[in-house]
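Next come two complexes, and both contain chain A; in the first it sits with chain B, in the second with chain C.
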Partner chain A sequence: MSTHTGMAAKRKAPENTIEAASKKRRSPTRVNPALYLFPLPAVAIIAFFLVMPTLQAFQYAVTDWNGFSAAFNYVGVDNFVRAFTKDSLFTNALTNNLKFVLLVVIAQTVFSLLLALLLTKNSRGNVVLRALFFFPTILSSVSVAFIWKFIYDPNFGLANSALGAIGLEGLQGSYLGNNSQALYWVAVTQVWFHAGQMMVVYIAGLQSIPRELYEAAEMDGANKWQQFKSITWPFVAPATSIVVAYTTVQSFKAFDLILGIAGNPPKGSLDILSTRIYSTFANSEFGYAAAQSIIFMGMIALVTWLQRRLLRLTPKGE
Partner chain B sequence: MSQISRRQAMAVLGALGFGATAAACAGPGGSTAPGGATGPAAPATGDITGRVSFAHWRGEDKAVFDELIKRFAAKNSGVEVVQDISTSNDYNAQGLQKVRGAAIGDAFATFRGAQFNNFSEAGIYTELKNSKAVGNYQKGLLTAGQSGDSQLGLPYQVVFPMPMANTDLFNKAGAELTPKDWDAFLGMCEKLAASGVVPISWPGGDVGNGGQLFNCMIANNAPVDDMCSQIEQGELKCTDDWFIKMLNQYKDLVPYLQPNATGTAVEPAQNLFSQGKAAMLATGSYHIAAVRNLGATFPIELVFPNTSTDGNAKFEGVYNATFILGVNSASKNQAASAAWIDFLSEPENAGYYANETAQHVSVKDVEYTNADLKRLSPWLDKKTALAARFQFQNLDVRNAVEASATAVISGSSPEQAAEAAQKIVDERL
Partner chain C sequence: MLASISRRGILAIYAVIIIVPITVVLFGSFKSTQELFEGPFSLPQSLAPDNFAEVIGGQDLGSSFLNSVIVTGISVPITLFVASLAGYAVARLRGFASWAIFGFLVLGMAIPAQANMVPLYVLFGRMGLLDNLTGLIVANIVSTLPIAVFILGGFMRTLPKELYEACSIDGTGPWRTYVSIALPLSAPSIAAAAIFLFVIHWNELLYPLLFIQSPGNRTLPLALLSFQGEFQTNYPLLFAGVILASLPVVVAYVFLQRYFVAGITAGASKG
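After this line comes the complex of A and B, so read on.
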């Protein structure tokens, strides 16, 4: 009996398979549920190393926990109020950071776009120059900090030695020792460090612009500036969007570069939000440092959003 | 293999998320300080075997400790000591979190002041009052490792955070090494400058090393010995006359520092001194080994910038007792860790450490054979003040107060610099 049933089933099998196949065809978006397990490791890592610490930061931010005691008090929003109204070190770091971001975003975007425009063609010389300009990007930020620390040293440094060698002793300076200039010198380092990387993003954007557009523009009598304004700039807008957003986040988080170049703790004129938060943690004020971290996170989100709104770098519908 | 449905997958992910959230919402301060109401306990006793992690920040002393570890292992078979070394800045900032669970740092060292106090408060130190090691130390130097009635740590090093002097350049310039008051000190600087060298090399671009001069400048100016604690507590102010006087004395030093001193890092400052371009290096005796490694062969002495204006200075110099050794209360191998601390505290081994690293130690009956240590040994008996900057418990306050001196050297008026510092102190009262 069972043999007959089995044979009957076998005879029916092709029909079933066809039916199943047609069902699959009817719902082409259906995925094997087992596939949902694949992102599990990544989700777990994100949950434990990103979501959990972020949630903890929110919890710590409303306490006065010192980082090691069993006892702590809930202080509500006091830490946030303190940051903005009673802590001139924090507001100084915030001001420095915003100034640093503004400087670096403008200088790095302009400089990397300029380099990209000059090196778009895939000639042998350009490829060599691109590699040269990209080179600082592969260095570690600590190495970069030490290289530039040497360059800026007022006694043995390359900058003052070079100025002395060409008879410009009058321009020699203290660089990082000059509180009103120190931040600008670190901004120069940051641009040197990352402009090559951003140049590559721009080159990719520039190379995707159809040549016909320039040819048509030339035939219409458009000069180079008009071509840039009407063709290049709109077409590299997505690349600019990436460059600006990335540079903003990078400049907010120039922690290792600042610590490497200015020491730990950095002096007031070079203190930015990330180094201030680190100093607050080191000072055993975990609750307050967590509140500062949340403000920092909000600040990056706000500035990035504002940039995208003001520069209108993302075309509608994208 | 059975397949998981979308619903099941979402349930697993949801459970994970919930777990993460719940874990995140577990309150801070989950660990309690060991010791409790009865105070810290002595290290556990037992066999001297197993692995001991020794956490500290003296990377430059690694080879010397390696040799001592070899000797310790030869004496105690089955024990292994490994060094977990961080840079001094990192150790200062993160040492407590690193050592807390005893994943590293069965035995460890701390800086005197805020770090030692935080370690004590966190219950990381065990009680060493009745240890074999404590009897080997000079009693007067043990205070930096005490908390109440407990002897939690053993301050191992004695350093003099005072300017080091190239005596060859001093002799050449005819400058005296022991100025009796501030005018004599400035006169000494003037003679050195006239001889064509930079009188003082000062790493003003390095907060930690640049701040050591502050110990000398404040010692005889302040009305009390715990001046930095009192500034922090609001009992003394940076705007007080004595503090302004000190800042004015910093201003007096400007012509005698290397050009652009506030931008000078510690390594270039050491180079100026070791190359004979500067007569003094205003950091401290802890840099003797570093400048010797840079090629300095001249005899080195210490000079105390005596800020007294009437020649009746209370102190003749400053010192610091630091590198406070301790045994971790969370360590699973306290017996071997305590034995390691005992071993380091034996005069023979402490002597080896001192002579090889060119640093004095707090251990009694040590024979100093290192020429630099021999020459500087008389300073151990002088009337020196315990370095004041380590009284600060709040690093922001310390940096702000010390930054007022840097600001004056950069060109700010002493009054303005003092007000800026006091503002930050007031915010943290």
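After this line comes the complex of A and C, so read on.
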């Protein structure tokens, strides 16, 4: 068809032949310029509302601006120095947050993998249990916080009444009221909240492992643990890297859950970076809050990078 | 044998740890405080919706519910539309342009919302977007656009290029191709992204907390959070609020479960 029109063009206007023919040949691969209009709304929104404000955060971070007055001073790196050396509220939140991330990442990764291993087969019962375990993920953080506030209530809570009912009064505690334990109990809540979601990621990974590998291993006399170590774990490495990275970011940002369970502002033992930034902001220290935000972003990047290095989870091949 | 018993044991215990608290909340929302404390596990004595009447009418959770419906109802479709346009272009453009646009849009996923709350607040203040629902809609769109582009663009890229090219030979413009080819074929990923966005936007707390002052403009999660201080231990009232805030998402989950798992997992596997 293209040669036919090409020939027609040749007969009519010989001087245009080359141009016409090459146009025809290129047309299926040539990009319609109108296509460049399609991403424009998205690009404009991201540039204006996400990239620009993020760059501005750096600009604010070197000032003592209070957010309202026109006058402010450039203070250089003072805000950053203050955060790390003079502000025990900030270093406390930083320590809590790192502790929280470490706890949740380890617990959630192990637990969601365990659930996925137990529910890998697509049997009817397993499908029902998966749906049940996934359920908490769809709730709002504030709802989850209220449910667990009641579980942990020292006087009327579910945990203590359940322990009392089975005669284990000795284990009853005050949970969130106990400052040295509070963060651990919130970590339990966070795992309950999102383990089902990570379980689904793991199930997809597990189902892609060829069954023959296990059969061969069994014939070679490998026990369950050896099979797990040399087949399952390496094969789910890509899933693990997703779970670890996502859980890290998620637990750095556990803002809603903390505010719901501990109130606004949260007490010191439950203060994390995002809640601290919010309190600084609410206290009209805009410049200082911006500096804290930058440290916060840096921490997420640093921890994610460290994990990749330490766990060597970058999926090979595939 | 032993393995099978411990397998069942672990699954049963975890099922209990999920079912029991949720049942207690459901039953508790119909109880008085005293009734709840005396028997948290028992069935409620009456199904009189006193707590619901109190939170909807007395505490004005009804208008917060309406605000949440308005905000989510507008922000989800706009995000999907803008993201699908971008995803479509990324799928059809070639080489550097495609790569650069996708990279730029998706990079936003690396910026946590809590990290630029100060400049965003200042910007919204200048634009008159504080303390109104429009501001919340804009914030929802901005915060989830990168991941929506990631999900939709990722899917549209897997559609065979020949489909698009066949249309351009026929002289069909890019807009027609988008409407009649790209959108219908991407329906499963659009559904998954829609669910994902619905859950995120419906449950969003940070932006309402930052931007909203007037109680009349609160969305559900913010209204619920304000209960925290007011009704420290009035759990039945808190529970009624939890049920009300969760109802639309739970109903959707029951009917559209497959898309939930696909959508929320697609959102998680961004790494």
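The rule is short, and it goes like this: the second predicted complex is superposed on the first by the 284 of 318 C-alpha atoms of A that agree within 3 Å, B and C clash if a C-alpha of one lies under 4 Å from a C-alpha of the other, contacts with A are read in each partner's own complex, and residues count from 1 in each chain.
Throughout what follows, a residue touches a chain if its C-beta (ideal position, glycine included) is under 8 Å from a C-beta of that chain, and two chains touch if they have at least 3 such contacts.
Here the structure is a predicted model, which is why all the values come from computation and not from measurement.
Judged by the touch definition given at the top, the superposed model places A:174 against chain B, while chain C stays out of reach. Legend: residue contacts after superposition of the two complexes on their common chain; A:100 is shown touching neither chain B nor chain C.
When the two complexes are overlaid on their common chain A, residue A:139 makes contact with chain C while staying clear of chain B.
In the superposition on chain A, A:60 contacts both chain B and chain C. When the two complexes are overlaid on their common chain A, residue A:36 makes contact with chain B and with chain C alike.
With both structures placed on the common chain, the touch criterion links A:264 to chain B and to chain C. Residue contacts after overlaying the shared chain place A:129 against chain C, while chain B stays out of touching range.
In the superposition on chain A, contact of A:286 is made with both chain B and chain C. A count of residues in chain A touched by chain B and by chain C gives the higher number to C.
Once the two complexes are overlaid on the shared chain, A:296 sits against chain C while remaining clear of chain B.
Judged by the document's definition of touching, chain A residues 32, 34, 36, 43, 51-54, 56, 60, 67, 149, 153, 156, 263-264, 278, 281, 286 lie at the interface with chain B and also at the interface with chain C. On chain B, the positions that touch chain A within their shared complex are 1, 3-6, 8-10, 12-13, 16-17, 19-21, 23-25, 27-33, 89-90, 92-94, 96-97, 100, 118, 121-122, 204-208, 258-265, 268, 271-272, 394-396, 399-400, 403, 406-407, 410, 423-424, 427.
Here chain A touches chain C in the complex through residues 27-29, 31-32, 34-36, 38-39, 41-43, 45-46, 49-54, 56-57, 60, 67, 114-115, 118-119, 129, 131-143, 146-151, 153, 156, 158, 161, 192, 197-198, 200-201, 204, 224, 241-242, 245-246, 249, 252-253, 255-256, 259-260, 263-264, 273-274, 277-278, 281, 286, 289-290, 293-294, 296-297, 300-301, going by the rule given at the top.
In the complex of the two chains, the chain A residues touching chain B come out as 32-34, 36-37, 40, 43-44, 47-48, 51-56, 59-60, 63, 65-72, 86-89, 149, 152-157, 173-179, 262-268, 278-284, 286-287.
Taken in their complex, chain C has these residues touching chain A: 3, 7, 10-11, 14-15, 17-22, 24-25, 28, 36-37, 40, 82-83, 85-86, 88-90, 92-94, 97, 101, 104-105, 108, 110-123, 138, 141-142, 145-146, 149, 165, 168-169, 173-175, 178, 199, 202-203, 205-206, 209-210, 220-221, 224-225, 227-229, 233, 235, 238-239, 241-242, 245-246, 249-250, 253, 257, 260-261, 264-265, 268-271.
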